[in-house]
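As structure tokens, here come the structures.
Here chain A shows up in two complexes: once beside chain B, once beside chain C.
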Partner chain A sequence: MEFSWQLVLKWGPSILKSLTITVEMFTLSAFLALVVGTVVPALMRLGIRPLNALLRIYISIFRNSPLLVFLFFLFYGLPFFGIYIAPFWCGVLGITLNEGAFLAEIIRGAIQGIPRGDWEAADSLGLGRFQVLRFVVVPQALRNAIPAITGQLSIVMKDTSLMSLITLAELTYIGNFIYSRTFNITGLFIVAMIYVALFAVLNLAARVLETRMRIRR
Partner chain B sequence: MKARVILIAVLVSALLAMSSVFGIASALDDILARGKLIVGTDLTNPPWEYRDPNTGEATGFAIELARMYAEALGVELEVKDYDWSALLPALVAKKIDMFAANLSRTVARSTKILYCDAYVIAPGVAVAKAGKFESLEEVNSPDVLVNTTTGSIFVDVAEQLFPEAELITVPTGAEQLAGLLGNRYDVTLTGKFQALDWMKARPELEILPGYLMMDSFAFAVPYDSFKLWSSFNVFLRMIKLDGQFGKLYEEWFGAEWDPVVIEHGI
Partner chain C sequence: MYEIPVGSLLRQLGLGTLETLKLLPVCIGLTLALGTLIGALHTLRLPLLNQIITAYVFVMRGVPPLIVLLIVFFVANIADAFLAAIIGLSLYHTAYISEVVRGGIMAMPRGQFEAAHSLGLSTFQTLRKVIFPQIWYQTLPSIAGQYILLAKDTSLVSVVGMQDVMRIGKQLMQVTANPFIVYFFIGVFYYLICTSLQQVSIRVEDGMRKRYARGVTR
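Presenting the complex of A and B:
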């Protein structure tokens, strides 16, 4: 089970291709999950009862069910109802809805942490309900939640590896595939190193963002 | 005097430690000592190995064969369920004593594990929704999605026979069937007996005419489990002589076991 440069050369192009798929899926689903995670708690603050009930149901369903089960439902289940979603988009949809629910709870907590005085000050300036959220509360809440959000985003990166189970040739899939063809750990080793590098970049970005956004009060 | 006693004690314990490191105790001795044979398999491949839908118990031709062997040894059988592609690493890492499944023999695999004697020959086939393809030749086209399980021998077969088509793989036989029924891919490659089992309750599936290749299945053990390997081979030979193997074969495949044809094929 030695490391082999020959295998690296032979499978390099496939690994690079799978890296782009992983990065694309991460970028897209992290962005969409953030949108969902920001919009949902903001909407809940508007105080429309039926809407709140619906959003609460959404959050509890996705926070309390494994992402993999939902992915299997999208990939293997929906075709029986005549609905086809390509594996890549099953992944984006699954991660967005699942991680969106977690991010929504994180950001809801951060919104609740904004002092009452800020709400009242914004009200007294004559801002409408939506404007209070848009210009005063949500920006502060997002800033306070940065460490928790970036932590959740690394989980999004880990989630992308589940797509190897729904036939998408991302990093984990290729690592497994190379191993099952060659019985050599080189492929898995390279893939592991790439993941470490991806997480290093992600953590660095998180740290920079945290420092940039820090406000001395 | 005291120093000598300590020295002897240290040497003895070092020897004991080395004997376990260098594997003087054999896998078969371990199995007999613990009273349990641990086999690894992927319980999504009827009729070879699967869970009985009524009882949830592991069964199938390969499992029953392993059970017969465990009984012959006078030990219990424990079945560990893995994804197909995780089985070979599990065997190499000795998490299981034996890989008991419809495991094809390949030269590449033989460099990592020790195959026991093959127990059956089985043709490989392509399965699709009825009427989708007329012949195997039609599968070799860029707009066809071909499927099989990750790490199976059919990955090589697909690359040799259908280089034009796109290949996607799934972890287990259960997903293989679910994806085919849900039109996630056009055709899937598997052994004939498994395909026949799928088709029992699913008339919408058909086997494309012709065989992909002839395949042979064998159990496997880690490379240094010679005693276990030799004991299992003797067992297999014995039950072929006394008729128990033929009985098991007929029970599971409904066809008479023909030693002349099958043994020559192997």
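Presenting the complex of A and C:
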């Protein structure tokens, strides 16, 4: 049961390979989720009634049901209709839609926090409805929301661990696999430490971004 | 492969959901108690304890709950799936609750602590009689949000061997060969659980607002 360096050496290459899959999936789905999370609240600001109702249903469904259920739905449910999606893309699609809903709520709150005066000033400069959002409101909102967005992105990182349950050989899968082969916990510990290290990097990046984007008044 | 009538399908999934529902109140009680304790201890800045709590929170914020469950299950070698699920989920979510509580305490103006001390209240009394009654109202939305995440994380407990709704769903799927309908209903069950938690939190918050808001200006 104790820590074993031999295991680390033996399984090192597979752990590294699974790390690249985790990082790949994180980067891709974090980016797409951010796009969804920015576009959805911006669309809601346009004030088109049926569209708003639709977007609110989308947010409510994904905020109130587990990602794992949706993943199984994609992975096991869709083939029932003859639609096959590879595990990796099930994951990207699932995380994008799920975390996109959470990010949309965060960014919507940040947009609401932009003072009315900014909207009015942009209007009076002759900017169109879309331009006001694109050049004035959304950039400020994104900056204010950096800590909350970082927290959510750390959850995106954790979400990638669910892919081990739909047969994708990412970090958690390998950790679990090593245990089932050797009954030694070392693999899972290494994997846990890698996740913490990734989280530390994410935190650091967010802090750098925050100081860089700070406005000097 | 044969058709299972929808009624029977729903009944089986309902039984699985019941297992999940048994887990929820225990975890909520445990994380609330431990999270409050740890969050309050964190604000005291005790020399060694402070570093330990910081490290614990950092690790839990970095590690996926699935890993926490697996490690608890394998390391502690707990045969009882229910117990392993409770320990794993509570270990993970306590860190988040403690952060919320800590944030609530830190947001209180310093004058409150000083006033309480000058009245001769001990640190414990200050927290219990002055600070906590005020912060519950402000932290409730965040705590409720965390418990909705907890409710969703209960979907992971089949990995430690619990016969929960996800496990039963998988078994039913193999029998009926219609995973679509199975996971649709599971999704609906979870949606109902999460939205009811949300409703409860809104009700409690309204009740608190009526009682406290008059006295608290912030």
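Convention: the second predicted complex is superposed on the first by the 215 of 217 C-alpha atoms of A that agree within 3 Å, B and C clash if a C-alpha of one lies under 4 Å from a C-alpha of the other, contacts with A are read in each partner's own complex, and residues count from 1 in each chain.
By definition in this document, contacts are C-beta pairs under 8 Å (C-beta built on N, C-alpha and C of every residue); 3 or more make two chains touch, one makes a residue touch a chain.
Treat the numbers as computed from the prediction; the structure is a model and nothing was measured.
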On the A-aligned overlay, A:Thr167 touches which partner chain: chain B = first, chain C = second, or both, or neither? first
For A:Phe177, is the partner it touches chain B (first), chain C (second), both, or none of the two (neither)? first
Report for A:Pro66: first if it touches chain B alone, second if chain C alone, otherwise both or neither. second
Comparing chain B and chain C in the superposed model, the one touching more of chain A is C
In the superposed arrangement, which partner chain does A:Phe199 touch: chain B (first), chain C (second), both, or neither? second
Answer with first, second, both or neither: which of chain B and chain C does A:Tyr76 touch in the superposed model? both
Just chain B (first), just chain C (second), both, or neither: which does A:Val191 touch? second
Show which residues of chain A both chain B and chain C reach, each in its own complex. 76-77, 79-80, 165, 176, 179
Residue ranges of chain A in contact with chain B within the complex: 75-77, 79-80, 84, 165, 167, 169, 176-177, 179-183
Given the complex, residues on chain C that touch chain A span 58-59, 61-67, 70-71, 74-75, 148, 152-156, 159, 166, 169, 173, 177-180, 182-184, 186-187, 190-191, 194-195, 198
Given the complex with chain A, which residues does chain B contribute to the contact? 85, 88-89, 108-109, 111-112, 147, 150-151, 155, 168-171, 175, 178-179, 181-185
Contacts from chain A onto chain C in the complex sit at residues 1, 60-61, 63-70, 72-73, 76-81, 154, 157-162, 164-165, 172, 175-176, 179, 185, 188-189, 191-192, 195-200
